[in-house]
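Note that subunit A is present in both complexes that follow, paired respectively with subunit B and with subunit C.
Let's look at the complex of A and B:
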């Protein structure tokens, strides 16, 4: 037999960190294989998001604050949502393809590798346009809040749990494919709901709706709460948001594991891209 | 110790029944009905360490389902599986460090990146130290001839080159057991020959247990020492390749060519193919003496050429595949009841 020695890392976390780092680097490399496509999608997404900024500027100039939010508040909400959404899709690019992968029997390759299937499948792809979303948040931040390093650091720290909540929510919706066969309608609806509700001022929603925005469609944790923390410069609430993210990740992971027992594979010809 | 054990392994899938007739889609939507389909019915076998086994069967026989249960991809509905003493589902993470897999139809390489990058990422996935990975990579590059396309994106490789990379990638963590599901599907004859040689070498050099499905008799004959044939979800044949070939020994193909036209019919044997001066005969040696057939043909005229060949293994396996029941398949070519071949009789020349 061969004399391969398995690495003995300090712990599983270190091994997974190495794997995630490698997956990220290779996904980025695969993305940059098509430079023109990358540049077009990156700037295309920046322009797309900027168009909404122009819309809000005109609206707030004419009507004044909306739901208690001025123009800079709306832009900061956009910054949080955009960067978190982008980060989720850069690191966990398969998050909105999971249902299709399950349906078409594409988990086989991941089930054969000594890594957690959920982490492995989600992180084995990156979405090119998500880099535009990711960068847009920082550009907006620079334009609305200056270049204060502490604010940039807090913004980045808040975007991480936001990204995890986005990824966990989308992955949970996609995991319904184990139970429903085709979950694309539910998944698309949840994506639309979460993005749409996140991008409007919190004050326009009634109490019932707000309850939903801090539970089933967790827009509150990716947009409104980060905005409050950011404006108050309260670092103490960052761990709270991380804890919330951990709960969503745990629930999403549990749903996936529950569904995995029902996985039926398939014979579709496949390639990893 | 057995490397692979399947003990009364079974798998049942539930599938939606589509009623016939008009408005069937609506009826199915309003009142869905499911039906259980038994894809694998209590399959049992053992594969020893270092054995190279072909797992055969016609389409839909349950091959892929069985192999996926052995690899932990599917959960068995009944019975149990054990690979290297581990439960494939419960001990999936531990087992996947010691098992390699190649699917002819599914890739573990990154399409847009060169094999060199995929190997590096696989090193991180399998938690192989960088030094070990480089040493192993160098060995596999040499053995599989990967150097010319090591840094070429996978999308630009030919199918043969890609499969070579796939097999090499599956061997990177030095697996103790290698599962291959139709590894040569779609390859040309030259590429097939190369892949078969590489697989045979891999099994020999690394002493890897190989469990392979294929529809290509060449793969099976060149690489495997034993064949397990599954049909209608049951194991119908489990014997060495030598024994499997013996099933064909009772049938010979005799070809003759004469210098001038002759009467090519024998009293109880007609040619299966004929021209004015040449013919070929299918001779069941339990019905006719081969020596008498050859003597009778030699007596008919001036022979320019004569050949005697065994029945191709492909025909034996095709016969087993076409059997309607497990008993019929088990008996095929053996002369046992149900084998469908008559008792020998003398040939009157």
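Let's look at the complex of A and C:
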């Protein structure tokens, strides 16, 4: 009996891993179907991020460290944020469309399918430009820290909980649509806060603001803490960050399930192939 | 080339402006993002100025006010490309060309009219946020008092408004030239991204005096500093000769940009073939 009990959750995890792998492969094929668009968006996003690199290079050259961060620190923060943000939008591309889907009654098609609604809806799309963000972090890493494999592995290990925290926070903000109807203003504000606060040195924010960066707007866990762990090569803190990510995912999932009880069908005729 | 009357274009501009003002809620997103950027950059500047009173001729208060003004063209006049490009790609351009007005001028009046409303709202917000964060901007004529001071302040305000309008106009014609490249390759966003990022680095996020000397020298020969640096410089370091020079250079670049936009339109519209009704 005990073996059967253990086998069930493991089987479900494997089934969901297979499902997410299939969704990812399908989305990737759809993306590559429009190659010119993919290449343009990929390089466009690299260019966008590089413009800010130029700004920081000029500023820090003039002023020295800002908020305790030198140029390589700022670049590493950008690397963590862009790779985590990119990964979140590659795998869970619907995360910033969730509110609109809820508001328009578009969840019906996912409710009828056997997989969990939350996982299904979030992973049923990919964002093309996110590939540029994802790659940018690795390019910056290669330029600032060389090609040391251990550092690459640590960077990748830290980017995964970062991506989960991004996805969980954005999904939670979008899930407010269940309670508020049109929550786009609030969810855009939370998204903007999360992204903007993550991209600048931690030291520029006063102590009164720092608590927010490790709670409601968890920029600290996707940018500042990974930077400290990366610089000290402290693998021991990776599981801690994974645990933090699990808490955020759990809370976001809980909010979604709570909201789902209030969901009203849009009586729409949608098809998913 | 058709030419509508000045009245046609004024009506297009005022209708577009009233349309924007009819839905003030639509400004909320831009206003929020702008306030957030200004707040974060005020913190960045506070960090950069820790232990320094002046960098490249700018005090911290000047740097914050510079950013507040330099971001106004980005928020107010930074999206012409997308609407024009959409008209090109959707085929809407075929309907617009058949109407009794000049396509480039009409679009200028319509697009600029609408965005003036947004730029005005952002300017008012910027002044309020700036006052809250760092107090009044540096005086236009430090040391002057009474009438001389009042005249300098009025002069600065006048030049600031003119320079912002010129920045909007230059932005429009450069973006229109880029958008109309859709007559050739339909995927023309890459051109705009490059333009947008150069604008951001050359004079929007940071004054050009902060750039390495060679880069600053090169920058003044490009149109980019006249899109946001010019009004921001007038706002924080006003001097009559410099303000006149900046406004004159903005005007020269507008002539060049109008010529460019018209040339792109003239060559590009020959490639348009309209089918159906």
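Please note the rule applied: the second predicted complex is superposed on the first by the 256 of 273 C-alpha atoms of A that agree within 3 Å, B and C clash if a C-alpha of one lies under 4 Å from a C-alpha of the other, contacts with A are read in each partner's own complex, and residues count from 1 in each chain.
Here is the rule we use: a residue touches a chain if its C-beta (ideal position, glycine included) is under 8 Å from a C-beta of that chain, and two chains touch if they have at least 3 such contacts.
As the structure is a computational prediction, the values presented were derived from the model and not from experiment.
Trainee: Look at A:66 in the shared chain and tell me whether it touches subunit B only, subunit C only, both, or neither; answer first, second, both or neither.
Mentor: second
Trainee: With the two structures laid over each other on chain A, which partner does A:86 touch: subunit B (first), subunit C (second), both, or neither?
Mentor: After superposing on A, A:86 lies clear of both subunit B and subunit C.
Trainee: What's your read, subunit B or subunit C touching more residues of subunit A?
Mentor: B
Trainee: Figure out whether A:109 sits in contact with subunit B (first) or subunit C (second), or with both, or with neither.
Mentor: In the superposition, A:109 touches subunit B alone.
Trainee: After lining up the shared chain so the two structures overlap, which partner does A:220 touch, if you call subunit B first and subunit C second: first, second, both or neither?
Mentor: neither
Trainee: Have a look at where A:120 lands relative to subunit B and subunit C in the superposition and call it first, second, both or neither.
Mentor: A:120 sits against subunit B, while subunit C stays out of touch.
Trainee: Across the two complexes, what residues of subunit A are contacted by subunit B and by subunit C?
Mentor: After superposing on chain A, no subunit A residue contacts both subunit B and subunit C.
Trainee: So in the complex, the part of subunit C that touches subunit A is made up of which residues?
Mentor: Against subunit A, the touching part of subunit C is residues 28-29, 32-33, 36-37, 40, 43-44, 46-49, 52, 55-56, 187, 189-190, 193-194, 197-198, 200-201, 205-206, 210-212.
Trainee: Within the complex, which stretch of subunit A touches subunit C?
Mentor: Residues in contact with subunit C: 36-37, 40, 43-44, 47-48, 50-52, 54-55, 58-59, 61-63, 66-67, 185, 188-189, 192-193, 196-197, 200-201, 203-205.
Trainee: Which residues of subunit A touch subunit B in the complex?
Mentor: 1-7, 9, 15, 18-19, 21-23, 26, 29-30, 33-34, 106-109, 111-116, 120, 261, 263-265, 267-273
Trainee: Which of the residues in subunit B end up touching subunit A in this complex?
Mentor: 13, 64, 68, 71-75, 92-94, 96-97, 99, 101, 103, 105-113, 117, 120-121, 124-129, 132, 136, 153-154, 173-174, 176, 206-207
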